[in-house]
Each structure stands twice: as structure tokens, then as C-alpha cells.
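What follows is a set of structures to go through.
Note that chain A is present in both complexes that follow, paired respectively with chain B and with chain C.
Now for the complex of A and B:
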């Protein structure tokens, strides 16, 4: 076996690491370890000169293992792996010790932080001795894309991709395209027709020769991996299979039903309606009470089911501006009506929306504030002596008084929530849900439309409540991600995957049901499990489940992890 | 007179053991004559009255093969293991206890002090108000009486001396012993030192005659007495804990053929340093529920999980023993 020659580099990260951790001391301690040929400290290892030092050392000193103690591997592991490649070393002969996020940033005692850093670096040195070279693999990308959801987001993504000349399969579970946007009258803050915006998009999609629309369609199963997915879709009782390379999930959301909020008596009092029910009236051009008369007093109540631990803890984001839109539309339709806007906080965020609020507040609308902490406004049927159909009672926050508002029509600005089948779509596509059942992006800031499953993107309100403008930004971002993937033609796939040692595997099949990526199958003839390396993400679940120890998670083998632990613990007994 | 070909010198010794391994040597039945034709039994306390002083008097390397069975529990076990190592060319860890610690190894879930307290004071059949414990040395007018020191840890033979071969099993399959012995007699090519012999690298499921699927959903863990076994379905799928997936083949499916789940005596396949945690991980995936409370209830049905999953392997596993609490001054 070739001699193990390790180079260790302790990064200062400017002052981020060096001001708390004695980097020179660590470099000295590590130099004493067996197989460590070079141990240096440097101000910025990730900089060009830092990487060049590393490359030169590898070449001059025949180093075959590298440890860099610096920031999180999430940030610079790819950087250093590339540097190893440049120097002619396999990029997996590398281990990072995180002495910034896991040490200098979270401790205050210099001595102990330094000892901890020594332990972390010793662990990395101990581990890297057992690293094995892994070779890159690539697969071709199928240039078709499946878009799930035919709302404004899905339509936009589909058009972007088709207009670039690539095939799209657009899957919609209902019998029509357009989603929630097709159900609303005007958009905010510009008060333009939503219908005029979405109808041309729908017809463009329907007439595009590269877009195949599947209405009344549900997904039965998705298999495959980035670049090579296939699915079974079922429509009109028949099942068919389509293949594609990428998936955009744009399944949107749905309005919350306020029947569960007792204070609002929705479905009990006929003139308490939801925002989406008002949209229907506005689209039809008349706003009437249940007995067909013109309402003299109308209240709009905000935060119905939003920002309330009992219902949904989050802000539904679009309802404040939508409420202002209603105030404007109602003022135009019913110039003499009394309009009350009962809000908890006015969150008219976004371009032009604060100005929209200012304009609206000049239109003879009574803005009243309530505080959810002091209870919700309560709606009751009025007495015959009252001059209105209903009375809303609540504690008005700004005046500090308990007030009663007489109303004939109440509009509830209902929260929005994830679809009931969001979980099922997540399971099929291999994406994760947050606590509120919205989909989780790969990184909230740096990678907002990708997911942890390669080749699966999320866009629009299935990721969280947002307006049309923001949904379209995401729709186009997701389309751009897909198009860049198609343009690459082939992609490198994870090589730190699971490997079955057929000499040891006894065919108990425990691994098959735990694999979240359906990457393991059973070879009846050989009586062993087989990993499809293109599907495997190297999560390690099968490796830790395998009772015989036949499955090795490459780059996370037992010996690598155990020696890392050993390196960590040895330090403790020696130095503390 | 016909010139006899030189015989091998063979020793069989027991450390912390039940005696079953020594008896299993006799299970070769009439083949014992083949053994005796080829070997002098120079030390075998269960059958021969050889003294320790006789062993001490042997020149180093005098014994060709020692079958050491039993774990290392006290200072006597350790002393004799080291003595035999010195006198032996091929040291074989014979049986589960010498190989992995075996049943005596489960004592590592207690400290030496706890075991003495239980055995000599608190057990239901004991009256020891003065709390008198055995001492390693006791002076009487006639001189000093000694007992071996009882250690905190049970260790495997391999943790105390260099072992040439491990022959697993509780007890090892007799046919395997004969094969190994005859291989040594015939000077056949032997596997590299430190190897496990008389067993394969595959888990028990490999040739298990029972039917199994990839869909094990256990709603209730049962003990064998609670199940009317259909004689053909995978034990795990019937809710019985079977160590088969985490255990090497080589035993000839003695338990399974007898309609009893595998207990794990042959130890883990290579590259599996902690069979107990491996088996628990696997069992965890078979629990047939997604509800945390129901899962807890189902898992609670497993009787003596530590003793079940580490039945033969505790001292050799990464877990090794119960944590000994020490106070740092």
C-alpha cells in the first residue's frame, strides 16, 4: 500500500477563526501526528494564493491526503476538492474540519476553543487516512420537463420552457387551467383584470405544439432520477407513462375554510362570506346580500386564520393588499356604502403597495384595528331595532375602546393553506415539507427554487404564500434552472453512494423498504440487494439499517466514521 | 516396529465457559479415534488430570493446537490464556465466548461490584448479614489462601492474547472442528492468521429455508412460546426476533431447522463491528406503524433487548459494556 502523506491546512478565515483560536498552536500540534507531512496555517485558504499553496505542496511533497480546517464544508468543500483535482489528486482524498461555525463562532473561551479545534482536526486527520478515491459519473438529461400544476406559475414555467424549444408535459388535477388567478377579478395594486392576464396565457399553452396538457389527471407514481424520470399518469380512467428529465412542482395552495372559527359564524350567518366568494360577485359585477339587497354597511376582516397559533401561525401575505383592493372596488361599486376595514396589522408589502394603502385610506374607508391577543372580533345577528343585519363587536386597539360595528355584509380575508394532497406530491417527487406543509427549498436565500432532490424544482405558492408577481419570478427561475440543466446535456451524479458487498449480503431485503429514493432492488437470481447508483443519493439509511454490514455508504464507511470518532476522543483524553 | 508418524500435541482449555464447548469436542463421536490417531491430548481439564505445573513445564511452542473456549472473566482465565499462548503454535478461539465474549459477556451490563452484591448479598436465597465477600487473599495459620481476581470486564480471548483462528458457535458445529483439525493435520493451506474459520461471510438469511419478503411490518413482537409457527414463514415476519440477518452462516441452521429463531451465536459477518446496534437498526425499520406512541408500545414488547441483541457479542462489540461512572476530581 502506498505511504499515507497528509497535508493539513489551518485557515484563519481573516479574524473569524484566528481571533479566538490559536491557529499556530494547532498547526504545531498536528505536525506531530503520524503521516502528517505538512501542517500550515494561512489567512485565507479559500483565496487563490491559499489554493495555490495547497496545489504546490501536493505536487512537491507527493501529498495524497488533504485536510483543511476552516469553515463549513457546505461553503468551501467544492472549492478545495477542485484544487485537489487541479493538483492531480482524487477530490475525495480530502476532509474538512469545521472550526468556524462549530468552534470559533460559538465559543468564547480561547483555550477550550483551541483544544476543540485540535480535536476536530485530529478527527479529520484520522478519518482522511481511510478515504478512498471515488470516480465521477455522468448521465444524459432527457430534455422534456413535467410541470405539475396548471395555475399561473405552472403556465408560466411551461411557456418559458416550450418557447425555448423543449417539450413540456403540464399536469393539472382539475378540469381547467388557470388556478386561483382565474377565480379572481382584479389584481393589486394596479387594479387590472386578472382574466385578461391569464386567458391569453392559457390559450398560448393550449396551442403550443411543445406543450401537452393533461387535465383531470393525477400522478400515480414517479420513478427515476435527475435527467431520467418517468411517471404514470391517470386520466379518464386510463394510465399512461411519460418520461422527462426535470420536474417543476407548482401545485399552489387553497383558501382556508373559516368554518372552524366560531367568532365569525361563517356558514351560520348567510352574509358572512370569504374573499374568494366576493371575487365571484365582483367578477359578476354585483355585490349583494343574501336577500338580494344592496349592502349599506360592509366590513372586511383581516387575518382570518392567519398569524394565529390555533389556525395558521404564518402570515398569508397577500390578504392585506387584497383587502385594500376590495375596499377600492367596493367604493367604486357602492359609492354611498359605509366601508370598515378591520385589520390586525396592515402589511401592504411590496412594490407600489404602501402607496396603494395611502391612496385607499383617502377613499372614505374606516380603518379599525384589533389585536388577536385580545380575542377575535365577534359577529352576531343584529336585533330588529338595529339598523343593520349584523353587529361586529371587538376591542379597537388604537382607541382602546370596545366598539360595535353595524354591518350587512362581512368579507373574511381568509388565510391560504397547503393542499391536502401536498404530502402525497411531496412523497412522489421526493421533496420535503415544512411544518405548515409548504415545500422546502434547497436554500432559502441561495437556492430558492431547487429542492434537496436533484431535478425537482418548486415554484409559486406551494412553497409558501405569495403574490402573482413573486410566483411568476419563481416560475421563470425554475424554468431557467431546468433549461440550464437541459443545456448541459449530461450531469454528474453523486458518487458517494451506497454499495452492496455481494459476498456478504444475505438477501434479507431490509434495505429495500427504507430507501427513500427507491434506489434498491432485489436480484432474485443472486439473492442479493442491488443499488441503482444513479438513483442513490448517498443518504446512508440503508447502510445503517443493513444488519449484516454488507452495505457500505461510500465516503461514509464504518471505518471512516469510527476512526473520525477515535481521533476526536483520543485528543480529549490526552489533552484535557 | 512400524514407525509412527509424529502426532500433533493438542490442548483444550476452558475459561469463563459453561463446559458445552469441551463437551462438543466429544460430539465428534467415533471420529475421536481419528483425532487421537493424529494427536496427543496434552491438556484437557474436563477429561484429563493434567496440572498447571505440567503445562508450565512444557517448552514454548510445544503444543501444536490449543482450542481455548470461554471468555476472560478473571485473573486465572487470563493467566492460563497467556501461558497457553506461550506454549502453543496455533491458538484457536473456540466457541462464542472466546470469539466474542458469549453469554458470560452479558455480565458487562453490570460492574464486578454489582455482580458480587447480587450474588453474595441480595439474592433471594442468600443470608449474609455481615456482607462478607470473597477476597483474593486470606491468611490462615497454615499460610495464605488465594482466589483469582474477579474483573470488572469480561473480555474475549482475542482482547487478551494473539489469536490465530476464531471458530465461532455456541458450541461450534462439530463437523467444522473436524475439518479445521484435519486441515491442520494434513498441513493444508490455512487461511491468514486472525481469520474466522468454519463459517462463511454471508448472513443466515442467505440459505434460510423460510419464505421472506421485503415487506416486514411487525405490529407485535412475540416470544417463541406465544406463536404457533407455521414452519415456513420468516420468523421476523411472524414478530419473532431472529438474529439471522446479523449473523454469519456456518452453523448448519441448527436452530432454524429446529423451528427456533437464530440467537446469533456465530457472530456478525465481517465488517460489522456492532451486531446489536445493526440488528436494532434493522428491527427499527420493521416496526409496522408511523405513530410515535404506537411505535413506542410495539418496541416495548421486546423482552430484554440488550440481552437479545448482544446475546453473544457484547464484549467484542463497539458498545463493549455498560458505562462505568467515574468521578473526576
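Now for the complex of A and C:
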């Protein structure tokens, strides 16, 4: 075996580390250790001169192990691994000691902080001795994509990918394409026809030779990993298998049902309707009450099921602007009707929407504010003397008065909910849901359409309530992500994965039960577990559960972890 | 429970030029208003009541009368909703609400009727002149008698009933119980406020305006007293004559300044002028000037040859007495001071009620 030659570098991180920790002292202490050839301190190890020093040292002194004591490995581990590669070393022959977040930033006592830093670096030195070179692996990417959901988001993603010349399988549960967009009359704030927007998209999708549309179809199972998925789809009682490299989930939304809100008497009073029901009337061109007469007084109630702990705590984001759209449409259809807009807070966000609000407020619409803290508006049937079908009563916030509003028709701006199939699709694709059943993105700001499962993307209202414009932004973003993956042809996969020693494996399958990534399968013939390296994230759960010690987590082997602990404990007993 | 009325705001349109819809209730006007208190959110509260058409709330409240139109709210308003002018419009509207005859509503909402009424009164005066064959002395005698009759009848049939109506709407109908002793104890303040308008001084930088207004009120009232009760046009008493000149001059000089300001439109208070505002300030000016000139003509002995001047004065006086005083802006003189009195009574009634509640709880 070759001689172990370790280089240790203590970073000052400007003053972040050096002002509390005596870096020179650490460098001196570490220099005394066995196998440590070089021990230096430097102002910024991540800087170009810092990296160049490291590379030069490796070359000149034939170093074969490197330890950098600096910030969190989340920030600069890739930087230093790259430097090792440049110097001709395997990048895994490296260990980082975090003496910033775990030490200088969280302590105030200089002496103890320095001793702790010495311990952390000694642990890293002790560990790095047992590192083994690991080689990069890659898998080929199947250039087909499966899009789940045939609403405006799914259609847009499918078209983007097909127009780039790649195969798309578009899966839709219902018997038609278009989703919610096909059910609405006009869009806000421009008051343009939603139908004229969605119909060309549907026919483009249906006529595209690279898009295969599966209507009335449900997914039975999805297996595989990024670049190589396969699924069984069932339509018209027959099952068929398709394979693809990426998945875009666009399962969309479901309108909240207000029957659970007693104050609004939905389904009790016939002239209390939901926004989707009004859209149908608007598409047909006539707005009427249940007895077929023209309503003289119409109220629109906002936040039905939104921003209320009892129903949904979140803002559904589209309803305020949609309500303003209704006010405009109703004003044109019924010029003499009295329109009441009963809102909790007017949140007409987005390009052109505040202007839309301003314009709408000049159309003789009475805006009334309620506060959900003081209870919801209550709708009751009117008496014959009231000269209206119903009466809405509530405490109007801006006047501080309890008021009555006479109405003939009430429109409830119902909340946006995650689709009822969201949970099932999450289970099939291995992605996660937030508390409100919308899908969780990999990073809410930096990676909003990716998920924690590689190769699975989310777009549109399945990720959270949003309008058509934002759904399309996400649809195109997800398509771009997929296309860039396809363009690469193959992808590098994690190498610090689990490995099963087939000689030792007893076939108990405990590892299969605990794996959160569905990365382990069972080889019936050999009676052993098999790790799919493309799916494995190297979390180590299987390794620590395995009763026979057959599973080794690469780069986190028992000896590596134990020697790290040993290095840590040894320091403490010697110095304190 | 108040029922909203979307049509109500249209009824208010003739009373002011502002757009009720512009206000989105940020509250800047209330924050800047010197008269605003926790229980009195001026002027926002009034604007909201208009937007919702809460008629009873507007009728029952005297808040608009507590505003002296310093204009701070209009300057601060981010939406250019002109809250100051909204309050002014509410005062015009409330003037018609308190008027039991309903005549002021017609005058305030129709320029045509208003101008026609002025012309009819002018024609009537000319007719009376003709009845007396355009002889100066009998006409002057008639004019003097008319003044007295007008004062008594307007006071008895219009001013008093309207004030009672105001009380009924703002206190009695709302079942606010004020002990008699409290009612009496406020009367001194009522009189002081009526003749000094000292509440104007609560508004910022209003001292000059208050002083002008104060001496105008004083000048006008004393001019009225001098002509009616001291018979200024007929007296030989040199002190009364000089005194009349002074108060007459004050009246037309101050009103001249007011007119110039309304034309220049620099201050918020002078920016928007309803026909009723113009009529009030111009007629006051003409009254002061014509009275002053008549006495000048008497003193230099040419009044006999200039009967027309007295006829013109009588026309102005008659229009003032039968239109502007009972059905126009003149009434603000009374409504403002009574509003302060009523607001004070309401406040006292409320604190008495709270005290009683406290005693009930502790007992």
C-alpha cells in the first residue's frame, strides 16, 4: 500500500474564522500528526491563489489526501474536489472540517473554540486516511417525456417539448383536454377569451405527430429513475407500458366546495352559486337567477375557503382578480344592476391587475370589506318586504357598521385546492406534498419546478394556486429543464451510493422497506437485495438498518465514520 | 342594522364635485385632521357612509359641521378624493335635510329654480316700488318694515323649526338621553361658539382666516342691528352713522377678499365653489356695499335723485332675506354652533352611560 501523505489547510475565511480561532496554533498542532506532510493556514482557501497553493502542494509533495478546515462543505466542497481533480487526485480523497458554522460563528470563547477546531480537524485527518477513490458514473437519458395532466400547463409543456423534436406522452384522466381553462369564459386582466386561447393549443397537441395523447387514462405504476422511467397506463380497460426519461406533473387544481361553510348556504339557497357556475352562465351569455329572472342586485364574495384556518390557510391568489373580471362582465351584461363586491383584502397582484382594479372601481360597483376574524358574511332568505331574494349581513370593516346587503344572486369566489389525485400521483412519482397537498418544489426560489426526485418536475397549480400566466411560465420552465436533460444525452449520477455485498446479504429485505427513494429491489434468483445506483441518493438508511452488515455506504463506510469519531475523541482526552 | 343603498351617492352629486369612489380608506385624512378623535374618524367615516349609502348614519351625525375646511386632508389625500370638499358637500346636503320645507333642497339641486327665484323676488320689489309710484320715502319706510317682518318670520317659521329638526335627527331619534342640567350647562358655550367660531382656531394655520371670518360675522350682525334697530338710514346721531359706516365697510371689504380668493382658487377652501357659496358671499358683499353707498348718498344729499340705488339695495336685501337666509348657506351660522353643542351633549351622554355601567358593575 502506498504511503499516506496528507495536506491540511486551515482557512481564515477573512476574519470569519481567524478572529476567534487561532489558525496558526491549529496548523502547528496538526503538523505534529502522523502522515501529515503539510499543514498551512491561509486567508481565503476558496480563492484562486488558495486553490493554486493546494494544487502546487499536491504536485510537489506527492500528497494523496487533502483536508480543508473552512466553511460548510455545502458551499465549497465541490470547489476543492475540483481542485483535487486538477492536481490529478481522485476528488473523493478529500475531507472538509467545518470550523466556521460549527465553530467560530457559534462560539465566543477563543480558547475553547480553538481547541474544538483542533478536534474537528484531527477528526477529518483521521477519517481521510480511510478514503477510497470513487469513479463517476453516468446513465443515458431516454428522450421521451411523460406529461401528467391535460390542462393549459400540461398542454404547454407538451407542445414546448414536441416542438423541440422530442416524443411526449400526455396523460389525461378525463375525456377531454383543456382542464379548468376550458371551463372559463374570459381571462383577467385583459378580458380576452380563454376559449380562443386554449382551443388552438388543444388542436395543436392533438395533431402533433410527436405527442401521443392518452385520454380517460390512469397511471398504474411508475418505476425506474431519472433518464429511464417506465409506467403502465390503463385506458379503456387495457393496460400498456410506455418508457420515458422525464416526467412533468401538471395535475392542476380542484375548486373548493363551499357546502362546508354554513354561513353561505350553498346548495340550500338556489341563487348562491360558485365562480365556476357563473363561468358557465357567462359562456352561455345569460346571467339569471334560479327562477329565470334578471338579477337586480348581485354580490360577489371573496375568500370563500381561503385565508381561513378552518378551511384553507393560504390565499388562492386568482380569486380577487377573477372577481374584478366578473364585476366587469356583469356590468356589461346588466348595466343597471347593483353590484356588490364583498372582499376581505383586495389582492389584485400581478402585471396590469392593480390598473384593472382601478378601472373596475370606476364602474359603479360597491366595494365592501369584511374581516374573517369577525366572522363571515351570512346569507339568508329575504322577506317579501325586502324587495330582493336574499339578504347578506356582516360587519363592514371600513365603516365599522353592521350592514345588510339586499341581493338576488350571490357568487362565491371559491378557493383553489390541490387536485384530488395529487396524493396518488405523488406516491407514484416519489415526490412530496406540503401540508396543503400542493407539491413541494426542490427549492422555492432557486429551483421552483424541480422536485427532490430527479427527472420529475412540477408545473402549474399543482405546485400552488396561480393564474394562467404563471402556470405557463412554469410549464415552459419545466419543459426547458427536461429539454436540457435530453440535450445532455446522459447524466452523471451520485457515486457515494450503497453497495450490497451479495456474499453477506441474507435476503431479509429490510433495506427495501426503509429506502425512501425506492432504489433497492430484490433479486429473487440470487435471494439478495440489489441497489439501483441511479436512484440511490446515498442517504445511508439501508446501511445502518442492514442486520448483517452486507450494505456498505460508499464514502460513509463504517471505518471512515468510526475513525472520524476516534480522531474527535482522542483530541478531547489529550488536551482538556 | 343599516341597509346599503347604491343609489344614495347619486343623490349627493348636486352638492359637490368630488368623486366618492376615489377614496380607498388609507386613513391619511383622519390622521392629519385636527378634529379627529378615537370616536370621531373625520373625515373618512363620512366618506364611507356615502359610499355605502348609509343614509341614517349621515343624517344622524353632526360631524361635517365640526370641520372648518382647513384643507389638510385634501392636500394629504393620495387619491385626490378631496375629503375636505366631501365634508363641504355633506354640509350642503345636511342643510337641505334639516330644512322642513324642502325648499332648500330644490334650490341646492337646481340652478334654474334658484336663479328664477332671484328674478321673481327682484320683480316683486320693482312691483312694490311701482305700487308706491317710485316715491323714495314710502319705499324706504316699507323697506324698514320689511326688514323687521322678515327677521321675525324667518326666525319663527324656518330657523327655529329647522334647529328643532336637527335636534330630533341627531339626538332625540337616536334615544340619546341627556340630563336637563347638562343641556343647560352647554348653552354658554353654544353662544360663545356661535359668535366667535373659536373652534376654527383648533385647525392649523387658520388664524388669519378665523380673524377675517370673525370680524365679518361681527360686522354683518352689527350692520343688521344698526339698520334695523337703530334706523341707520333715518338717524341723525353721528355716532350711529359712523358706526354704521365702519361695520358696512368691514362687510364688503372682507367679502371682497373672500370673492377674490374663490376666483384665485389657491387654498383648498376656495377651490370649489357651489352656486350656493357664490350667492352667499357675493350677496353679502353687495349688501354691505349698497348699504354703505345709500348712507353716503344720504349724507351728501343726492339720495332723492338716485332712487334706483335704494331699489337695488332692497332687491338684494329681499333676495337675501327670503332665499339665502332661510334656504341657503346663511344657516351654517346656526347649524355649526348647534352641531358643536350636540356633539358635546352626545359625548357627555356617552360618558354618563359608561359611568353608570361602571357603577352597576362595581355595585
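The rule is short, and it goes like this: the second predicted complex is superposed on the first by the 454 of 576 C-alpha atoms of A that agree within 3 Å, B and C clash if a C-alpha of one lies under 4 Å from a C-alpha of the other, contacts with A are read in each partner's own complex, and residues count from 1 in each chain.
As a convention for this text, a residue touches a chain if its C-beta (ideal position, glycine included) is under 8 Å from a C-beta of that chain, and two chains touch if they have at least 3 such contacts.
Not measured: the values here are computed from a predicted model.
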{"item": "First (chain B), second (chain C), both or neither touched by A:452", "value": "neither"}
{"item": "Partner chain in contact with A:399 - chain B first, chain C second, else both or neither", "value": "second"}
{"item": "First, second, both or neither for A:513, with chain B first and chain C second", "value": "first"}
{"item": "Of chain B and chain C, the chain that contacts the larger number of chain A residues", "value": "B"}
{"item": "Touching partner for A:548 - first (chain B), second (chain C), both, neither", "value": "first"}
{"item": "Chain B versus chain C as contact partner of A:338, first or second or both or neither", "value": "second"}
{"item": "Partner chain(s) touched by A:79 [first = chain B, second = chain C, both, neither]", "value": "neither"}
{"item": "First, second, both or neither for A:90, with chain B first and chain C second", "value": "neither"}
{"item": "Complex contacts: residues of chain A adjacent to chain B", "value": "501, 503-510, 512-514, 522, 527, 544-550, 552, 558, 562"}
{"item": "Chain A - residues contacting chain C, complex", "value": "338, 340, 361-362, 364, 366-368, 393, 396, 398-406"}
{"item": "Of all residues in chain B, those that touch chain A in their complex", "value": "201-206, 212-216, 244-246, 249, 268-273, 275, 278-279, 281-282, 284-286, 318"}
{"item": "Residues of chain C defined as touching chain A within the complex", "value": "1-4, 6-7, 21, 25, 45, 48-49, 51-54, 57"}
